[in-house]
């Protein structure tokens, strides 16, 4: 069995199918997609890629599936789905997901990519090994009893990325007992139906909570760090302009790797691209908590966000790309719906853990609207943005 | 500067005073007091001692104090207090604290030990180096502006033990960003008073929360693991019998080290001592959550606990030492009172973080009353205990 | 399957037999035998025990055996041998091995202990599970094709202890790629015989070298650190006196745990025992490299060592226990005989690696004779020792 | 003081000058130069960059300099030199060093880059802070008493990269006690001269050896892994063709970042560039140890290497870029000249350590000549290469 050394899991052993999948161009491309896109501008060690992450997810899926007692064919499909779950990502991963969705109607875990001609080689490998690509795609989409293992509230994707992102940023909050989680997963029959549910065995409320807590703390200090958000918003704006101003179609855009995009943006959209490459970022003119933002603004759609930017830019008299309004979607806490056995009865974690309420409130508190612009315009933009967005009077970002 | 290699902090560098303190018998004795007493019966790697923990606390205190801008004399007193904060511990640390308190009226962080003749050598070292033992003792007691750094809600003691206990048990939940915590501490003047408060700098709500969360998860899976609680309760019972049945006075008892106590209990109280040494532990007859226990029982004092044990033992017809009732005190969450700067204003963490409410509820949920006895009597004891303690009907412990 | 959390390997999963063996008194006793005896007086975090080490060796043996393609019965015997390989150790492990050997004629890996009545429970567990205690004992003794996996030049014992000792001391030199070593072991048939040899697969010369190098560096900075050697020599002397002056027979001595011995030595041989407990150690009067020591002295036996001590003590006019002469045996490099496949041919590592010669020379250079005594007598003892031992004129120990 | 979180050293604290230097374009560019170029094709986690490495080197230099007792101005120059030591690197670091040297006559640690207009901003920052760019450049070049700290046989560059490369590849061999090394460095006056030498304090032969050993093992399993060598040779060939076939001048080439080069090679030299991007690498036709290669071939220069390639390609009838001959320079062991104090006398490590001889021999054994080509031509190329290069008959690469 072939083994690949991984900085997080040690040796990841690959079965024959896995080894063939690794060699496809679609999978090799993941070497060139960083896991945390613009986070590396804050945490310079965070250069890990979706390639090693995908191997890690495969590794954890293999361990988990070994304990679930499913047949070999099912196990093979789950392992393949774990391996391939991120192949649909565009350049800079989640950062371009919205753009690609708007342009193509497809998410990164959409099954489409797998069944198209363009990535035919992956399908061929699957079929040559007796696997059904549609079934693999369906697992990636979270369907069926075992879909939640690949894409759900207790999935091996999250287990891997929390640990890996902590390891590579150097931040200690993402530490999750993956060994225990993977070993304590069980398939239990749903009462009165033929279906089965994936649950955590008795005695693991704290284990499940640790996953929520890790994500909440990682959100606060890593994933939503303001520097990463500013850079991410600039990147997204640059990509929109790039799609507007060039011939590149959305599908070709999705197939780019990070290095392609970085070069293209610098060459074609230099006002933003050169700044991103050199980490010469916009500053925060506004940084407002949910209590200072009117409900209508919190729920603003894309079009309203863009309209507000134009209005602010015009009021200040700067180029429209010099103002970015960044309104995150309302906070959620997906993992809270995972199922844990307590006193013999499977319960949703949010019913079994009072911590969930606290974490929800913390997510709400951490929600922040940002308005970014080049440093010289900060005061003028801040003032205009308050009017346009209807913000309560508020001070400048403190740090 | 002398350096000692530590498994957690790397090289701990000792100033001259620290090096002299290390060589005193009172400090050397800490080599023989394990940090986690009976936890090692669950996590066999958890054999670390209060010796290296004390060095770690000294190390963190030194880093913290460097950033606070205090005078050299104050800094020296704080460092000495950090180093010596655990010298008052009895054998098996916290496990014998209640016994010693009841017998001597003194806690492990009582200043008394430092000022008595018996540990004269520590005082001599302090005085020879121009330090005031009473001032050191007062810092250990948490007094003054800098007392909270040594013994308080954001103290270096907790920072060290959470990280160290996680490292040595192998459990990933105690990971706390000590580097950041230590560097973000500030002394701020209290409004309208000459006093100063120790606070965490702006932008550290998540950092402070991580400390609470780490402790909550460590409580759940390490500090209050049922096997450790059973062994701890047996140890405490054995110590009480030992003090009853031998001539040993409480002060001599306090000065014992772990190995002394283990041998003494085996030789003098073999019914319990031999079992502890061989990890042949009592089993749980009852393991009941707070919702199944009458308020009067939750708040039972020592005397009532002992009376209940006698009543249960008599009902079942076994020796009184064969039944142990273990009622923890009501859950608290001390760290929640630490102070964090938010938008320029120092706030108590419990006001700044919604997580605190959730963690309080989790502590309440994890509160559990236990009744332990030798395996053959489990059913009979369970049944008698329910009557005596007024418990609601409940199943057997599940794991 | 039961799992125990280990600080080095994460979760160690125990089969049914292993779980039963863990519960025997003979195995539980290993909780009370520290892995590195007096090394903790230099590296205070090094408090790990032979209990968790034995679990680690079992864990690695299980991985290794899985890849060797042997039958289930053989595998079960190897796993049991790995688990039990250290049960024969006396208190303070290797430190008392010489004393026990001289008093009983038996080594710690002697099969005797396993087949005697006293540890009958281990035998009963083995037999109840269909295993042959003699076969297990023979594997512990390194016999047969798979004996070398348990006790040999590439054994899982060494793989575990190098990594574990590095982890717990905090010293970075013991890091060995156990995952790779364990996976690259193969059984190959010996040419022209029915026997099989345990070898490392092609491409692993560097992997095998890393084991030698790790041990050589750990020898230099950990295992033979002078403070640990002084304390060890004092302990050995104290044990000899203890056996001379008390009724304790050698077999009872062997069954003691660390805490028993520490208390006994303090109470019965206080001149040495109290010093060891308090780390109030003798100092080095002489610390001489092999080039400064006459051949006759290098090869001195026990009796000559003792005679020299008496002569030195008498010359200085101090008690005979106040002088300790510590002459290590000539350096060896056992691992160099392990077998590695190079260009398809199994070769001894010492033939495949030029590093072995260098490491041998380094071991020779690090060989040091020591003479220790209480601080006030250092100069007088140094002077007398030079005459008695025929040392070349040499300076005092430099650090 | 600004702090950046690093995955290896935790928090790296930056002084004002350091923070300004970080913000220069020349330093930000290092975010886009991977530390280990093609090694990531073998160890997929090895994506770390010269940006965080440079911060790490600065961090270690700061610690080292604190213990050396030099004046503040000297210390500031050393810290700046440590920070800037890699700014001269071309894309893919060492991989393009030879090409750039041949094209420009300058090495990556050549002082030239620092004093030219193009990187004027770095000079301006230095001068604005009262530092002399020429003095910084001279330190980077290893000149003066403290030059060896930045670029020498015991330099902080090597200390950082061995630990960092081990951390990111997941290979355990690069572990070096940087804390100890940095703290044990001393400046000692050279006898009879005004000069001073950088040496390791008494008692550190093993510490110094560990650095050599770490590098030797990392060479074997990481730096010279055959997959990385094949990819590196393809990259070098592609770069040569790129400089031949495009207008790009060598200086512009040197200023590229990894992503620029990857895109350029794919677009302009697709025969090689596409393969590198997709990890569709040439295979080894020949892999020959030094004993099988005639002396003349071992010492072949660039021109002869190229001539041999042409001859082989013509013999087989393939394109000239389809054959790559890769002859490493003769093995050296630079660190062996570092100075260690033994018995009070500074000695060269090679005189104090017998290990050096063994490591030299190991380096010689590991020296390997490779000939690479697309898979279909492997047999034909192997056969032709043997004739052309005068190799002894030899088998195919074994793994």
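For this structure, a couple of remarks:
A, B, C and D label the chains in the order they appear, each numbered from 1.
Just so it is clear, a residue touches a chain if its C-beta (ideal position, glycine included) is under 8 Å from a C-beta of that chain, and two chains touch if they have at least 3 such contacts.
Which chain is which protein? Per UniProt: A, B, C, D = HD domain-containing protein.
Given the structure is predicted, the values throughout are model-derived calculations rather than measurements.
Minimum number of contact steps separating chain B from chain D: 1.
Touching chain C and chain D together: A, B. Centroid distances from chain A, each centroid being the mean of CA atoms, peak for C. Counting C-beta pairs in contact across A-C and across A-D shows that the higher total falls to A-D. Centre-to-centre, using mean CA coordinates, chain A is 35 Å away from chain D. Our note on geometry: chain A versus chain B, Cα centroid distance of 40 Å, whole angstroms.
For this pair, chain A with chain C, the centres built from the Cα atoms lie 50 Å apart.
Multi-chain contact residues of chain B (touching two or more other chains): 10, 171. Partner chain D is touched in their complex by these residues of chain B: 3, 10-11, 179-180, 183. Chain C contributes residues 171-173, 175-177, 202-203, 205-207, 209-210, 213, 216-217, 220-221, 343-344, 353-359, 361-362, 364-365, 395, 398-399 to its touches with chain D in the complex. Chain D makes touch with chain A in their complex at residues 4-8, 10, 25, 28-29, 31-32, 34, 40-41, 43-45, 47-49, 51-52, 55, 167-171, 257-260, 262-263, 277-279.
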